[in-house]
Amino acid sequence: MNMSLELLLATPFIGGLLTYIGGKVHRWVRNIFAVLFSLLTLGEMSLFYNTTFKGDVWGSLFGSKLILQTNPITWLFLLIVTSISLLVIVFSVDDMKHEEDHIVLDSYYMQLLFVEGAMIGIVLAGDLITFFMFWEIMSWTSYFLIVHGGKKSMDAGYKYIIMSIIGAYAMFVAIAMIYSKAHSLVYPDVALVLSQSSPTFTIWIIILLGVGFFVKAAVMPLHTWLPDAHSEAPSPVSPLLSGVLIKMGAYGLFIIFYGLMSANLAKNIMPSIFSTPVLLYIVQWLAALSIVLATFLAIMQEDAKRLLAYSSISQIGYVVLGLATGTSLGVAGGLFHALNHAIFKSLLFLAVGAVIYRTGTRNLSDLGGLVKKMPFTFVALVVGIIALAGVPPLNGFVSKWMIYEALLQKKEVFLLIMAFVGSTGAFLYVYRLVHSIFLGQLSQKHENVKDVPILMQIPMWVLVIATVIYGIFPGLAMDVIVKGMKMFGFAPIAYNLYGFPQGSTMGALKVINIASVLMISFVVAWIFFLLFSKSRKVSQYDNYAAGQVVTPELKYNYSFGFYMSFGRVIKPIFKISIERIYNYWVDAAKIFGDYYMRRVYTGNLETYNSYIVIVVTIAAAAVLLGGKIW
Amino acid sequence: MEKAGKLNKYIFTVVVLYVSWILLTATTRADELIVGLIVSLLVAIGSFDYLSEHGLSHLTPKRVLYLIIYAPYYLWQVILANFDVAYRVLAPSMPIKPGIVKVKTNLKTDSGKLALANSITMTPGTLTMDVKDDTLLVHWIYVKDETVEGATKEIGTPFEKYLKEIFG
Amino acid sequence: MVNLANPILLIAIPLLFVFLIAFSSAFSKSIAKYLPIFAFGLNVVIAIMIIPDVLKNGLVIATTAGFKPPIAIDMVVDRLSLFLAIIASLLGFVVSIYNVFYIDEEPEEKFYALFTLLVAGVIWMIITGDLFNLFVAFEVTSIAAFGLVGFHRDKGAVEAGFKYLVMGSIGGSFLLVGVIMLYAATGTLNIVDIAQKSAELTFQQKFLAYALIFTGLGIEGALFPLNAWLPDAHPAAPSSVSSILSGIMTTAAIYAIFRITNTIFDYNQIYFFLMFFALLTLIFGEVAAFFQKDIKRMLAYSTIGQTGLFFFAFTLHSTNGLQGAFMQIINHSLSKSMLFLIVGGMIMQVGSRNIDDFAGVGRKMKVSAFFLAVGMFSLMGLPPFFGFWSKLKIIFAALQQTNILMVASVVIILLMSVVEGAYFFKLLQAMFFGKPKQDREIKEASLGMLTAVVVLGLILLFVSFYPTPIIDFTHQAASDLMNKNYINLALKLGGL
Amino acid sequence: MSILDWIYLAIVSIGAILAVFRMFKGPDVTDRVVGLDVLTTITVALFVFFAMVFDRYIYIDVALVYGLLAFVGVLVIARFIERGF
Amino acid sequence: MRLILGYFLLYFGAIFLFLGAFGLIRLPDLYTRMQASTKSTTLGAFASVLGVGVIHPDWFVKCLVVALFILLTAPVGSSALMRAAYKTGVPMTDSTTIDEGKEFFGEEQEGEAK
Amino acid sequence: MIRKIVYSIFLATIVLALVMFFAAYPFGKNKMTVGEYYLNNGVAQTGASNIVTSVVVDYRGFDTLGEVSVLFGAAAGVAILFFVLAENRRERKNITSPNFVVKVGSRIIFPFILLFGTYIFIHGHLTPGGGFQGGSIIASGFLLLYLAYPGTRVSRKKLSAVEGLAGLTFVLLGLYGLMLPESSFLFNFLPKGQLNALLSAGILPIIYIAIGFKVAAEFAGIVDDMMCEVICRGGEK
Amino acid sequence: MIYYLGSFLLIAIGLYAIIIKKNLIKILIGLNLAASGVNLLIVSIGYIKNGTAPIFSKIGINPSAMVDPIPQALTLTAIVIDASELALAVAFVVLLYRHYGTLDIKKIRSLKW
């Protein structure tokens, strides 16, 4: 096994450049290059399956070595990155055809490959400089992908890049603080130094790095960029963002918690609650809040992609919740859910993308009845939402279940309930999705809609299959996860290809357990339905109850305000919108800055000259006072 | 006096400048003399057109002789003028009766008119303000005669007879 | 055989060409256009020829008039001044190419002469070893800059030029008083000699002289609050001139502060005092840049901010900090000059300096816009561009001392980096993805102008992807400065 | 410097002070310039005087340069006064 | 003897230098002040400089140059200044009897206007 | 008013601090090391009897090169600011003709001024004058000409050629020093001659002559620009 | 010391004019006053009691009676630089007047912020 990590890292970057150049030759040269190079990357990556550890020094900077390394955990993330990237690129070939400016398209593919390369770099990084470097590269390359989506995407992209920069600089401070202590940023050195440093220092490191990762993983309250960015980005980019990019935040959290801090260290320096170090406990709560609040917000969306975007915030909440439990089971669940979410969320975004491709709208109230027109896309979407809702036998079920089990074992009832509520809410919004798009009345506009071209179908097929495979054979993933976690000092979990045998850490994966989870979910959903269906108000668009003649105009609007009654309950959440708080402070800072800058640079030469004299006067006064003004 | 040719003017300028150089350096050392000649020759290239329109004809013995006679006369007038000033400034009654009068001149050349104007300026109670054609405008501190003829006679004539010879 | 590796040629050749331009303009107007290219081309060659000597000995001293340093003026080149001189020569060379295609306003020959003089003055400030000569170089640079700022003769240019002139003159006078005070105290003007002779003086005895020199240089060096001329002057000048002003001239003044502080006033209190200036400069530069509507004004304020950043790194007073400062200087010089050149070309096409009018320009002027993005990314410190390495170094150096002041400084620096990102991305976004406002035909800049841009861009990309030699070199330069090798070697080699 | 020299210096200095007084008092620009002109002439004389006192022949050249520049200066100013600036 | 003559010239000059300046203060209008100052200071400086030349015979030529220079340039400057003053309307003293300048310059200005 | 008081106090503070600084370095004390070196060795080393000249042109000749460049820069700057395209130039109508006395006087004195300026810079190494003084005197001669003849203009091309050539002479003389064994810019390679002789001090007088021409050309250029601005103002933007 | 004080005062008056005066011409005068102050300061540095100009115009002049030549040389340079700056400044003022029609510094502020 002599595959070099540098080559793996370099492939997408070189591929990106060649793709761009290929675009100058012909658009098909470009398309083929793009697919080929992402395929090549996937192939190279696959060679590292079963590699337990490999590390290469690829340079050195300021006396610290720069290292690329791989282990099963990184392989898991590499798998996510490379496979979804490939599918996205394949999907793009037809989806992005409409773009006329070929240079824009050339650079689009180049950026896709660059983002892939940057994420590979993050995952492969064996030291914090490499990590941070590729982290930043990922930020700005993905920014360019987002703003490809038109006018609105510009604001979204702007918000995204600014928050990314803020997050990154928080990380930067942490990294610099570590460097000042360790004079090396290679993970083992860092871990060693952190194990010897004071609790305050460690806490600061965690907080600062955490801010960076939270922004990228869109954990509340640092999530505000995500709904805009993910929904406004071009269709093929959204799966890359939602499915893959935010996982980098999760990966980062994993690395600091278990790679750099190591679980027992965290326990030693902090008081524990429910046998979880307090910081991790806070993270758990933030994750749980993300799950619940984002679910509610997703329910209220009228825009299909926005709905999926909020769903992503909620689902990444599960990943982070799992990772923050600190137990083998929870962490494994979190990692597994990262993989699963990548698969089904990509599937969902692609399916919605396919609908947008054909109908040109993503507004749920404009859609409906497409099931006959786009049968395959319908199937893909249904598979996706079942997986998302955590229904067996699809993949989302197993990982969520592992997380529940881990919480149960730690007796964290509140968190468990919140996780459940999130799951149940997911039913509401995914139902909304499938109903509003495929069921109900077909819009006149969409009479002639066909299913998408084959090149767009293939990625969805692949993801559908993956969803099923990982659902039925969780052992495929657990094999990698468990092997990898062992290297980070976690107790192994017994597993087999079909699930978890009797007597494993988490108990057997029994049908009863599955059924009970299902039952509870359905009961909660039903309670919701009963509670709110009574008080539902009659809207003029509500053709169910208005009792009027259903005109053609009206019948197409039936899905507007689908969960309006529910909306009234969660209205306060909108009111205390975090985004509005941010905007308030940003505006305040702008006004403040503007005002004072104007007072300084007045345009008046006298004033400018007096600044000079004042500076000299201060110095002169210092001399007269014997140099004692400081 | 006729206007002179270029070469004529050039040589005149060189001569004048060389004499000035010798006065300036106030030495007869060979190096200074040689350099002075070179400098005079060079400077004259750029300036011969300005010094005088009449060139070497200024240097006839008669003109030079009159110049030599005129100098002490002029100086004496200057000294007189100063005592006049002293008297007017210091006398408690301050005997002044100022006015601006016109004075005619017969001088034809610019240098001649200039010399006249300057002479008038430096001599008792008068100061030339401008010259146009054959008329000088003079500020007179104690106007004795307001008519042009009278003023000319009082102010201009004493100098003109010398200057006529020197400058033509 | 003439030894061409003589630092004095770095000044003498451009000056020779300055006068050659004046002379040639009497006979032909078009020769003047091309002469600066030759001047700085030669300069680059000579600077490169000096490199081996500097690497071998650490320092090269060029005497004038055949006398040893304290008696006559000398030019001193160590690693630090050499690399700055190389940057200046290089920028001079590249921008001269650009000028040929950019300048189309009379009186051209005066422009070229002043431009050459400006760069010559900058190099002069960098390599002189004599304090009064530094003042002269400062004035040479200033006077050339004043004229060039007013080159367009319109309302803004004249106002900016006048403000700059008044403030620059005050600065020059303060600088001169400071220099004279040191002369009064030591009886010599050679920097190393002063450093030696003033060693027994206390900090307080020297402080006023330092404060005056600092003020004078700080005005040119764009330190807050002495920099108010800059946001007027840099935009008013022709873009190629702005490129030199922002790219290397302010840096040269800051360099002079580095040098003088390090040799003559190396006290901890001073660094502490300077840090406030650095941070204020950074904050005011970046925040003001954020609010600008005029693209060149924005870049000018950004220059103030960047100056604050590398000046901050200098005030850390450690090898690492200095290394970070030097790296950032390289980054800023290359990037900001390139940006001004690009923006100059864009303004020609767009016909306005208002940022709103630049919407969609990036799609029309692709090469320009690409390098614009590269330059801005490098200034923001985004990897893999060179600015990332330098920012990394600066932050690492700052947090070497983990005290609350340093942490606060780092927080400020990074916050300001966010602000910087905010305005650069705003511009980039509009340029690449915005809808063009007018139907004005926008074409790519002329090939000659692009050549200049591309050369700078490729150099920037090269050092971005292959930073090791520069990192090593700047490290050595930084430790030279920390170890006072300038003084030690000058004493050894110069016969002081 | 002998007592004679001192007395000379005193007389001329008083003259200079009077000229300065006129420079400051005006009332017209021309008055100030006349004051300046007188001051200049006095200065030329003083230069030559100091050349004698300090026995430095070359100061006379300084006097000449100064006188020349002052002369041109007065003409320029007169010209500008006439134009009303 | 030489010294006596020299110092005589010096003092002669000094007195007129002083007188010229004094006239500046005493006389009523600009024109009369100029009359006084031009003549007195020129002669004063002339005599002073020559005095030095007499005291230092080897400097005499140089001093003569300076003296002649003063003598030749002073009237030119005064003339220019007085015309400027007149043209800008600097008032003349009340005792002024006659003013032919209006007529003198009047034609000229007309002549130039065409 | 408050502003005035506050800044007066500020300036007083600065003056006080300056006084404190200089109180430590007593007035009228003995010369400094380098200055003393010049006084003791200047004549022997440079051959100029005027030590200030030997400092200005030789020991600190590089400063002077800078000074010349500054002046050049200022002249170029003025030329830029007052630049008027030939076709945009228009004569001002209300220019009064100059005083006859000034006109003729200037014309006559002009050659003497040129001579005197030349005298000053040729004797720069012997007397307090030098290239700058001589140059400015010559330029003042041009100024006089402008006063006398408002319409005339000096040929800008000739001025350019002169200032360029003079500057080139200075730099090339300096560069020649690099080709000698001493390999030093501005090395005084000519024989020093006899003290106080006109032909002494090696390259110093040559440089001073070059400076004289240069300064004259530059000041004349500035004067020309300013006069043109006054007289043929035009080309307003 | 009186020379020092004089030069300091000149500098201070110049600076005062630069800050307080509104008229461009007066600001320029202020600049020049300050510059003259600096030049006077430089010359004063080199002054020694009963010192003479450092010119060996005659044989046998004692160098120790001469003033320090360096400050004189420096002043010479500084004066030319000041004159250059002044010339340029005047040019700027003329153009400012042409553009703004005023010499009031407070009104010349189209560039701000």
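Worth a mention:
Order of writing sets the labels: A, B, C, D, E, F and G. Residues in every chain begin at 1.
Just so we're on the same page, contacts are C-beta pairs under 8 Å (C-beta built on N, C-alpha and C of every residue); 3 or more make two chains touch, one makes a residue touch a chain.
Worth saying up front: this structure is predicted, and the values here are computed from it rather than measured.
Among the chain pairings, C-F comes first (most C-beta pairs in contact).
Among the other chains, the CA centroid farthest from that of subunit A is the one of B.
Centres computed as Cα averages put subunit B at a distance of 39 Å from subunit G. If you average the CA atoms of subunit E and of subunit G, the two centres end up 30 Å from each other.
Per-chain CA centroids place subunit A at a distance of 94 Å from subunit E.
As a whole-number value, the distance joining the C-alpha centres of subunit F and subunit G reads 15 Å. Within subunit D, contacts with two or more other chains are made by residues 57-59, 64, 68, 75, 78-79, 82. Each of the following residues of subunit C touches two or more other chains: 132, 136, 139, 143, 146-147, 150, 153-154, 158, 161-163, 166, 170, 177, 183-184, 189, 208, 231-232, 288, 291. The residues of subunit E that reach two or more other chains are 19-20, 22, 34, 42, 59, 62, 65, 72-76, 78-80, 83, 87, 108, listed in rising order. Interfaces, counted as pairs of touching chains, are A-C, A-F, A-G, B-E, B-F, C-F, C-G, D-E, D-F, D-G, E-F, F-G. If you check the complex, the residues on subunit A that touch subunit F are 610, 613-614, 616-617, 619-621, 623-624. Considering their complex, residues 52-53, 55, 57 of subunit G touch subunit D. Interface residues of subunit E, counted against subunit F in their complex, comprise 72-73, 75-76, 79-80, 83, 87, 108-109, 112-113. Note for the complex: subunit A touches subunit C at residues 59, 61-62, 101, 103-104, 129, 132-134, 136-137, 139-140, 143, 147-148, 151, 153-154, 157-158, 161-162, 165-166, 169, 172-173, 176-177, 179-181, 590, 593-594, 597, 600-601, 603, 605, 607-609, 611-612, 614-616, 619-620, 622-623, 626-627, 630.
Across the complex, subunit C meets subunit G through its residues 132, 136, 139, 143, 146-147, 150, 153-156, 158-163, 165-166, 169-170, 172-173, 176-177, 180, 183-184, 189, 231-232, 236, 288, 291.
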